[in-house]
Amino acid sequence: MNTHIDLNPLVGILMGSDSDWEVMKEAGKVLREFDIPFEMTVTSAHRTPERTHAYATSAAERGVRVLIVGAGAAAHLAGVVAAISDLPVIGVPLAATELQGMDALLSTVQMPGGIPVATMAIGKAGAKNGALFAVRILALQEDAIRKKMILYKAKMANEVDAKHAALQTRVQDL
Amino acid sequence: MNTHIDLNPLVGILMGSDSDWEVMKEAGKVLREFDIPFEMTVTSAHRTPERTHAYATSAAERGVRVLIVGAGAAAHLAGVVAAISDLPVIGVPLAATELQGMDALLSTVQMPGGIPVATMAIGKAGAKNGALFAVRILALQEDAIRKKMILYKAKMANEVDAKHAALQTRVQDL
Amino acid sequence: MNTHIDLNPLVGILMGSDSDWEVMKEAGKVLREFDIPFEMTVTSAHRTPERTHAYATSAAERGVRVLIVGAGAAAHLAGVVAAISDLPVIGVPLAATELQGMDALLSTVQMPGGIPVATMAIGKAGAKNGALFAVRILALQEDAIRKKMILYKAKMANEVDAKHAALQTRVQDL
Amino acid sequence: MNTHIDLNPLVGILMGSDSDWEVMKEAGKVLREFDIPFEMTVTSAHRTPERTHAYATSAAERGVRVLIVGAGAAAHLAGVVAAISDLPVIGVPLAATELQGMDALLSTVQMPGGIPVATMAIGKAGAKNGALFAVRILALQEDAIRKKMILYKAKMANEVDAKHAALQTRVQDL
Amino acid sequence: MNTHIDLNPLVGILMGSDSDWEVMKEAGKVLREFDIPFEMTVTSAHRTPERTHAYATSAAERGVRVLIVGAGAAAHLAGVVAAISDLPVIGVPLAATELQGMDALLSTVQMPGGIPVATMAIGKAGAKNGALFAVRILALQEDAIRKKMILYKAKMANEVDAKHAALQTRVQDL
Amino acid sequence: MNTHIDLNPLVGILMGSDSDWEVMKEAGKVLREFDIPFEMTVTSAHRTPERTHAYATSAAERGVRVLIVGAGAAAHLAGVVAAISDLPVIGVPLAATELQGMDALLSTVQMPGGIPVATMAIGKAGAKNGALFAVRILALQEDAIRKKMILYKAKMANEVDAKHAALQTRVQDL
Amino acid sequence: MNTHIDLNPLVGILMGSDSDWEVMKEAGKVLREFDIPFEMTVTSAHRTPERTHAYATSAAERGVRVLIVGAGAAAHLAGVVAAISDLPVIGVPLAATELQGMDALLSTVQMPGGIPVATMAIGKAGAKNGALFAVRILALQEDAIRKKMILYKAKMANEVDAKHAALQTRVQDL
Amino acid sequence: MNTHIDLNPLVGILMGSDSDWEVMKEAGKVLREFDIPFEMTVTSAHRTPERTHAYATSAAERGVRVLIVGAGAAAHLAGVVAAISDLPVIGVPLAATELQGMDALLSTVQMPGGIPVATMAIGKAGAKNGALFAVRILALQEDAIRKKMILYKAKMANEVDAKHAALQTRVQDL
């Protein structure tokens, strides 16, 4: 069991419903890899507006520095949080309806001038990249994180190389 | 000058920006036609979350019975208001961006289960229909409004008849 | 067995085909929860225009106060009913074709000025919200319904809280 | 002035609003070219449902053989007419809203199984082709029309040839 | 076995690939129900342009009166056939790619002015309606077909009534 | 006047209508810059199928090596030409309808397996790139063209540099 | 004239073409308001790949902490820069083609897992919000910026209040 | 086992991830059928920018004449390669996200003027056609390839004929 959770989290991950867990845990896994403490919170812009308001107003003073917010359908959560909090808010649109996330994407990214939400790709790639973008922000202040990020990118590149090598056999057999 | 404004408004019309006036005034014009008192309020889900919250919590107790909310882009205003207020909330998506209102439409209509927003068409037709839908709701309680609505529908039908008659000349000249 | 069906229904739920049942029953379940009597009717704008016309003209005089209409594809049913009846008509677009409900959404929401249809989200969320919107309308007249709605919202909020709590274990194990 | 209008029209052109005239007159012009008698009618599926019903039930017995129906937004007119009449109904989706006719296209073409609407392109090309499709239907019965159609196609081909020739100068000057 | 196939077919059903069979057979089944002789042909606008040309030029003189053409992806087959033949051509867009038939729909319906294709809904509903539209065309000339169509519509209406009745039990048990 | 037109053209530019000239001349201008002889032809897949067939079957034997085909709406021309000719066919989708070229894009790019069309961007960028892609193909065989292409790319890069320099003044004045 | 440009810029604004200036200057104006030094650079992912590479590799070591990248069409610039640089990259999709920025939006936001781009709204709202998001990142380290941001949000709220007040006259005159 | 791989490949097939193999192998299979030597490479525009750069700069000098590049999501790989290399670059958009390839299609096809990418259909049809387009390019120089292509097209036509024949039984049994 990992016990450093909630002890001075630097990143807050929010999601509108626990059905978003399978996607949003990708963000948590990346932060684990970087040893960045985080917390995960279920709160809905529509069903628990007070809870959302309370979270957004208190996050910064508890030391949270970046928020990653996943929501589907008419995804208002990221925008609502960004309206209240002054922290950088990263939005992850989720494919929760028949429209395959196009609704959540437009609801998240098309924020009017004044209140920005940094929008990532729909679904798991977006959750993962939301965490990696938080890493880039935190790396501005902490050199140790920056160094881990360089290693992370190198590992990704090596994996591509390995996949290329492994593919050659299949090509021969085509 | 019309002076009955704000005296016991039955309908509250909200818009996210005064640039929405040209569209949302269509709602006001319909309500004038029905002699239904209303108020119009500029408030933003993102730029003035407190003002929006204050309006949504107080509208019902001031006697407002229906809310009509116009918003463009990542249109969160109707959903945010519906999350707080218990009144019927009618959403009018506005074409305020390069995406011609498709963003506002999906942000308004794709509300998750639990908090309904009654969505109308994009733009002026939606603003007009938002008011006519408020009329239908109010007509359930007040028979005078129902009778005016019957006349209104008859007038619409007559206008179509007149347009048909006027068209015949142009057809002859084709 | 529930026997209060059809005794003075306050809400009429219509659907274009019995294949819409799995979605539209969500509306019925919500109304059951609020003890609001309702009826459910299969009628098609295209295959049974007379039946649809007969229903729409008679609903109000039988005491029905709100109509919830589900339809897929080129979903005309809600608009056709709203053209005849003076009641508030709530439209639920269904994902019945390859276009995943985008066709039904646009066919339902883009009503021209004059005849409003209050459009909900595509599919089950829309059916559920259609009923909850009917509840908001009926609550304007009946305080008992308004009180149940307040409890309903509180229950929803509590469920989110419980889901949040349950999630924390999974977060620890990430 | 053309006086053969309404004397035994073979084609009925319907439109939901007189604002559709500029587009739908293209259909009339083609029929004029073929000397096919037609009538043009303004009637709305939503604002004048009785008038629409009356037209659709009587058209065939008055000798009309094909209906061309133009409508924009949530374009229900063609479907409503096709549900009542047994005649072939051709639908022309019009770009009357911010969605540029995509709403009218899907509302017209995505008819459920049982009631067909023969959908043409959005706008003027669709109005013109609606008439040409009516011509193809009528040509099945009347050889004179078929012969005119052959001439019409030859004229179109000649125009393309002429345009090609005229273009060569501009190419030289490029 | 049905032996009247190919003996003086009145309707020609074309499809671009035998993988379209599952959808296009819906058209055949409707024509069987009306005892209208038809033929079914696999030919591709792109892979067998000569075969397609030969079919389109000869269909009318063999007595075929209406063509129903199903195609997916960049669905050119209906347009190519309509450019050559003078018969009424009905296009059925098929969902054969990742874009779920939106590509085939636009490729079929957006024909430029001059060459009409009567477009039906995507997929099975479109195939069925393509046949029913052919029936409406043929009914103009043959009263026996018109009478069968009236029975067919009555049967559809009865089915809706039966489904409505069957649904009531499920509503009671909700 | 440029007189080398039609003398042994290496590239054939086709367009469905002379209204496509303003866009398709961008392709011609690029080829002029590279001194590559070309011809421009107006021919329609639908209005002049024979002319299109004749062009496609004869182009290669006249020495043409690449075809650039612009078309709008249900853009079938490139696919029809590629079905007949064995040359590389480059398709340029044009924004000729209310759908802003999305129809032409899907009609051009979603070709079924077997007959490829190399699709470029919608409109002028696509026409220009169509010519530049033809240049890349021809450069495989002729080194002089390859050398010009290197200069062309260098010129483009220099223009970006110059624009960057020019922008700095405006930035200072912001 | 503003002379602090390029002296230790904290933010780098990139754009693919000087035609993007009218939109991207909105980002510069916001940064001016916050007295945050920045630089603006024209560089293309496709026309000047070396220049882009050089910029992306050197920005961090010159002290730049956040990059804001505007690009239209198949907008690759933000992704290409984010692949090379370790800084937070904010992408602003521009409406530079017939598709009104939907192409640039998807090309920017749908980054695969591993390399994040923080995507803003299409066009001017996105450029403005891109700068405001950079402000939120920089405010994490510099309290003076955070305080200015609080004032900025208060000013926005006041503007909404003022617009609301100004609207009341127009409402009276409705 | 096929051993001529990598010995003087004429075509380079690139893909952004080994998960693209199932689609991109369709391109390899076609090239095998034409006995055209090719190589397949996994490289990512974002995760391995240097590797991609190295490949793109060296391909031509190693004798590669055409590049086929498959990528999904915000598919930048084809554009990045085309910016560096002077070879003809064919792009195959892959359906790798919730948006079913529409993101990859627009990211690939909407290249700005100056750097062309020849875009094929989404998915397997596109991979197959990418190879067939490479064949058409190579056939310009090598008559043996052109002759094989004629046989290939004849085989495709024969297959359609065979499918047509096989279908007739099923039609009889309808």
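Every chain is named by a letter (A, B, C, D, E, F, G and H) in the order it is written, and numbering of its residues begins at 1.
Here is the rule we go by: a contact is a pair of C-beta atoms (placed from the backbone, for glycine too) under 8 Å apart; a residue touches a chain by one contact, two chains touch by 3 or more.
Bear in mind the structure is a predicted one, so any value in this text is a computation, not a measurement.
Novice: Which chains sit in contact with both members of the pair chain F and chain H?
Specialist: E, G
Novice: Tell me which of A-G and F-G has more C-beta pairs in contact.
Specialist: Per the contact counts, A-G leads.
Novice: Which of these pairs, B-D, A-G or A-H, matches F-H in more than half of the residue pairs in contact?
Specialist: Interface equivalent to F-H, from the options B-D, A-G or A-H: A-G.
Novice: Where the CA atoms of chain A average out and where those of chain B average out, how many Å apart are those spots?
Specialist: The separation of the two C-alpha centroids amounts to 36 Å.
Novice: Can you check how far apart chain A and chain E are, centre to centre, with Cα atoms defining each centre and the answer in Å?
Specialist: One centre to the other, that is 48 Å.
Novice: Can you check how far apart chain C and chain G are, centre to centre, with Cα atoms defining each centre and the answer in Å?
Specialist: 43
Novice: Return the residues of chain A touching two or more other chains; collapse runs of consecutive numbers into ranges.
Specialist: 17, 44, 47, 73-74, 97, 99-100, 102, 109-112, 114-115, 121-122, 125, 153, 156
Novice: Strictly by the criterion at the top, what is the full list of touching chain pairs?
Specialist: A-B, A-C, A-G, A-H, B-C, B-D, B-G, C-D, C-E, D-E, D-F, E-F, E-H, F-G, F-H, G-H
Novice: Given the complex with chain F, which residues does chain D contribute to the contact?
Specialist: Contact set of chain D toward chain F: 95, 100-102, 121-123, 125, 153, 156-157, 159-161, 163-164, 166-168, 170-174.
Novice: In the complex, go through chain A and note every residue touching chain C.
Specialist: 1-3, 5, 17-18, 21, 25, 28-29, 32, 39-44, 47-48, 50-51, 73-74, 97-100
Novice: Residue numbers of chain E touching chain F in their complex, please.
Specialist: My answer: residues 16-17, 44-47, 49, 53, 72-74, 76, 79-80, 82-84, 96-97, 99, 102-103, 106-112, 114-115.
Novice: Which bits of chain E are touching chain D when the two form their complex?
Specialist: Those residues of chain E that touch chain D are 26, 65, 86-90, 105, 109-122, 124-125, 128-130, 132-133, 136-137, 139-141, 146, 149-150, 153, 156.
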